[in-house]
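Please find the structures below.
Two complexes come next, and they have one chain in common, subunit A, joined by subunit B in the first and subunit C in the second.
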Partner chain A sequence: MSTWLNRGVGFAVPLLIAFLVSAVVLLAIGENPLDTFSLMLTEGFGSPRRFASTLSAATPLLFTAVGTAICFRAGVFNVGVDGAFLIGGLAAVVAGFSLPAGLGWALVPICLTIAAVFGAAWLFIPGWLLAKLQVDEVVSTLMLNFIALAITGYLVNGPFLSRQSGNNVTPPVHEAAELSRLMPPATLHSGFLMALVVLVAYAFWTRRTPAGLEGAWVGLNRRFSRVVGVSVERTIILAMVLSGVVGGLGGAAHGLGQLHRFTDGFSAGYGFTGMAVALLAHNSPLGMLIGAVLFGALASAGTTIQLFSDIPLDLVNIIQGIVMIFAVIELGRITIRRRAKA
Partner chain B sequence: MTTIALGATEIRKSYGSVRANQGISLSVGPGEIHAIVGENGAGKSTLMRVLQGIERPDSGHVTVMDRDVSFAGPAEALAEGIGMVHQEFMLAPDLSLLENLVLGDEPVKWGRGAFALIDWKAAEMQGRELAERIGIEVDWHRRAGAAPVHIQQFVEIIRLLRRGTRILILDEPTAVLAPQQVNELFDLLRRIREDGTAILFISHKIGEVTALADRVTVIRQGKLAFSAAVAETSGKEIASHIVDGANPVIDETKPGSPGEIVLDVRNLSADSVEKSHPLNSISLAVLAGEIVGLAGIAGNGQAELMEALCGLRSATGQVELAGKDMTGLDADRRREAGIGYISADRRHEGLAIEASIEENTIAGSHRTGPISNGIWVSRKAMKNVALERLKQLSVKYGTLRDPVGSLSGGNQQRVVFAREIAGSPQLLLVSQPTRGVDLNGIAAIHSILRDFRDAGGAVLLVSEELDELQLLSDRIVVMAEGRIVGALGADADRREIGRLMVMEGAGA
Partner chain C sequence: MIEQVLASGVVLTTPILLAAIGGLVNRQAGIVNIALEGKMLAGAFVAIVISAATGSWLIATVTAALVSMVIGWGFSLTITRLGANMITAGLGLNVLAAGSIGFLMSYAYGSSGTLRLPDVALLPHVFPASVEGLPVVGQLLANLDPLTILAVLSIAVLPFLLGATRFGLWIRATGNAAPVMRSVGLNPKLLQEASTAFAGFFAGLAGAQLALASIGIFNEGLTAGRGFIALAAFYFGRDRPWQTAAACLLFGLLDAAQIRMQTVGLPPRLIGALPYLMVLVALVVSQMRSLRRTQ
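Presenting the complex of A and B:
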């Protein structure tokens, strides 16, 4: 099917160019590019444990990519999934260590729900501002990211600071609140399965629910949507809130599954990498799965590759950076289209 | 002596696989008006773009004043004396007409470049002289945006003449004018012709062609289909060439049989968008089984009235649908209550042009049965509903998943009708239903409207084509400056309708 080909090309071309450029860089510093790339491949996918590490790194990206895609397909330029990720992550972790441990198995669903509610509330704000007052969502969500960073930074250094470590981290969550590891000792946790469920739910939502259809129409043509009786305001707010739910859940999965606590620097730019994934995948579920795994592989291979060779970690940054450039080009295209419509 | 003012020889131009011009030749001499007619998409615009130097032809050449030329860009065509009047006027609305006249080529009293002083007296003199020569009067100090449309058009023509235009191209210049204004424009063009200016006149109204032009050329599917002196042909012959020899389907006219009041509007007022008039205390009624035509020059509140009625624009006053109060309800609630809307802007409002034919056909019915149970959408039911609706209006399409933009204008419009009629609305608000639709498509859309009416539906119809309004409507209501200024029978004299259309909105 041609659309599948299209989606594949969305990542293939940027990756190919990225590897060509890195090959030039590697040659320049006197390394053999082929050896390096095959080492990266081995480190990313070579063994079940390495693959688990890749999937583990892909988990937060899956959440943030889906969160971004929900809004982008509705023409809502939400760049604030990172903020929802932070807020949801902190909310889940705080609940995870402050609620009584005696809640047992119920602790995880409670923490997840709290994270979802906080994430939803967080992005409801710019959604409401956009729908009711036409406040530009790019500005408001970008600003809210800084606010989220400042709030969580303050809380993790103040009220929620762990007395034991005193090192910009909260206390660890109760053991009962941790997401189970899927194949110890690898860090891959059930948050990855959650991410897959969210991805499938997204795919289902877009094609099989009235609100999902409306999201696409509002993204394509707001005037048309109004004519066929779709409330554009409601659709915008819903997209933001769902995006917040997914972002919040992503933060919760990261906190409860990966770190078991909240730290300063909780999100390593996951919101933005996820946005790049959504952009290059054109919001398609399968494309986002591929993209998140590829970025995950880069991240996990990058950290170990310098253990086994003289290749600096910066190589991974070069590759990621070049792929990002293509994401930005895609972003530019959407912006131009958006301006042409306004 | 010059024999060819502007000529095209064997022009070919393709965009990818679309062969827009396939060897078109035509010429216009000094002092000649040459009409170019053809359906939308026949290749008229491409040819004009080539003649103006905006597009380079793949092969063939352009002749100006008996010399072969090759334009590197539109500036060179302008320098050769080729000027175009677009459908959308190119005046700066906030400058005065005089400022617009000299903009870009101001007479200078003193200094040069950025330090020049403009000689406004000389400018006004030039304006007066030119206006006098072509026999019109212009208040040069009026703000362009506030001047009547036909005056704006005249100023645009004068501006081109002042810049040395010897070849004037007009792209459907009458679309925005009332009948009297059309006559004024034609008089003006005839006087310009006497001065030796060559005029290319693009139109799709055959009546105008026979009234004004010396020669007519029909373009069909990128090829020259017919060319003759107007004196030696007839409107009927021209029409038959436009639609490929076949006679266009002739509408049969049959009046409706009005019943109960369906739409009752009282004292409706609304704000305006820029350039247009607000709605000023509109009251009107539409009965079941009748088509009420809303006549008026474009931008006199018709679009706003339609939007206000279907809930897309907030308004004050009362709207009742079959006795039920609609005042203050949003578009979705009015839709549920039985108001269908055919937007004038098919590409940006009537359809989501990038979305599939399927989704465009069922949009609006996606929350209720059989497509949805309120939670989930059944793709299968969606497909069946779409197939059913498209079949009912015999829409021609490839597959349901194709983007609706891939259809022809007529079929796109049928998709809109298929969607809007499917819910059996009591009232259909129809705006410019046949704009950009080919002749056979027009006949089909007219019969859809008549069928809807004959089944007891009420229709409020807005069209800039007076012919169409008179053909379809049972009654005609005229709007000017946001008010209703008169109501007439469908067989009213065109001149009477025209007189009302240009009335200052002094109230009915």
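Presenting the complex of A and C:
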């Protein structure tokens, strides 16, 4: 019971601080914060179509949040889900336009598998380096993000550049490779359902499988895990690889479902927003669902609000940044370190 | 050709070097500063606004540094006093800084992305234009600005400051053994806050140099990951001033050469990733070495 209360407080406090600060900002520019927030609420959730676009914006965040949480709960500070998202997204899209369209319904699963493999391989690198050589994963995954950005940026402007549509985009994927739209004309696509499946699988993995339990042990206490016979190395690599699979699938869903191609600037910081969601939720599946929908609503409402009022869309980034700064107070490593100090 | 690469390489090195100086001192005190990027961006923005308002590059530069210093100090409080995690809080500060600046730009100036203000005073050149006639280094000297000189001087005195002054030793002791600091009656938190403020100050200088060295226009993408290149540099240099400076120079020259390598057919995007790849390789090599030593 008290853990639920703790989690609720951990979820609410950073959001509260963020909304207080943005209320002050809004007051400073002469807007009524209550009006703005209620407008955001209606724009985010007010009608089925608006709700659909909120869910559509939440889809990539669900993937990146789960991808991040898999590592965070194992005490692996992976900030590289954004890179896996890019690599997986490009791999899926390239498969989606270069494989023969005649494959029909089989095309989507093939593309998803390819994306998962690429994402897994991408984060296997820092996982292996951490497990075998103790190479600091924060730095390695951060650097790999930039490398992923450079590689995909090069490929989308070079070998995979669309001949028809000019700059920075690949050709569109075959129609058969597109994920179906759930409520046309809204962009909500079946990638959202995939994200829910991934979330449920994560919940099952963390609570009902030995590997998931071992992951939590390694996150809480590496030495203890080693003593009771858990292979810390294997757990770390597994967490990274699974994180890469989920990140890669997220990129695939975004590419095949939302954009139908790969573009320069494919990930609008989804990896980092997803990290904010995972932190806010303290890796709990339900919390991540709520958090992702909330940030999805912010993103989709922010766009409309900018159209109809003087409030810049950047308010969303202010909120996200504050949440990230204040959401992290109880993260695994820190609690351990603080306990050791006390 | 070499003259041009050298001259533009040095100009491109300065902001990385200034930011890396702050970052390395910060890391010696035990804080990995991921938020250099955001603080550079804030510094650049403030520098442009103040320079346009006052017409003085000096006031603009100092204000930029002070503003970033306050941001850095406030940011360090969330880590030292509230127990926030330095990595996610740092990434959060980058998002927050970019968001706040974007917000200010569209609200106060009605512009999105780029800010052009009239009468921005640029950094002066230290030497008279006549030095351009000198061989090899002529162009470099003619373009030299005061902040580049400040960066070089700072790097020159930093080993002394860190190794032979009381304050420098405190900083290093904080990063290596905080309990020892406490046991001799000093507060490691205060030193971490001071070092983060110091990093903010230098990141602000870096931003000012970026904004005022040649173009005098602010753009949301002005820093373009240079805060992270600085991070890469002090990781590559293992927090040692001279090694870090050498890494910065290497990355700066690489940046300058990348425009030219394009004509040879090397893709610029891939060359831009080289610093990050080099850090990764350097980390792997140094870990392999230290593991072998312990075995």
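Basically, the second predicted complex is superposed on the first by the 328 of 342 C-alpha atoms of A that agree within 3 Å, B and C clash if a C-alpha of one lies under 4 Å from a C-alpha of the other, contacts with A are read in each partner's own complex, and residues count from 1 in each chain.
Heads up, the rule we're going with is that contacts are C-beta pairs under 8 Å (C-beta built on N, C-alpha and C of every residue); 3 or more make two chains touch, one makes a residue touch a chain.
Here the structure is a predicted model, which means the values were calculated and not measured.
Applying the stated contact rule after C-alpha superposition, one finds that A:Leu193 touches neither subunit B nor subunit C. By the touch criterion defined above, A:Arg223 lies against subunit B but remains apart from subunit C after alignment on the C-alpha atoms of chain A. Once the two complexes are laid over each other on the shared chain, residue contacts for A:Met183 go to neither subunit B nor subunit C. Of the two partner chains, subunit B is the only one touched by A:Ser231; subunit C is not.
Touch counts on subunit A: comparing subunit C and subunit B, the chain ahead is C.
Once the two complexes are overlaid on the shared chain, A:Thr209 sits against subunit B while remaining clear of subunit C.
Across the superposed pair, subunit B and subunit C touch subunit A at no common residue. Subunit A makes touch with subunit C in their complex at residues 25, 29, 77, 79, 129, 133-136, 138-140, 142-144, 146-147, 149-151, 153-154, 157-158, 269, 272, 275-276, 279, 310, 312-331, 333-334, 338.
Contact residues on subunit A toward subunit B in their complex (touch as defined above): 207-210, 212-214, 216-217, 220-221, 223-231. Contact residues on subunit B toward subunit A in their complex (touch as defined above): 310, 312, 330-332, 335-336, 341, 343, 345, 348-355, 359, 363-364, 366-367, 372, 375-377, 379, 419. Against subunit A, the residues of subunit C that register as touching in their complex are 32, 34, 75, 78, 82-85, 87-89, 91-103, 106-107, 225, 228, 231-232, 235, 267, 269-270, 272-273, 276-277, 279-280, 283-284, 287-288, 291.
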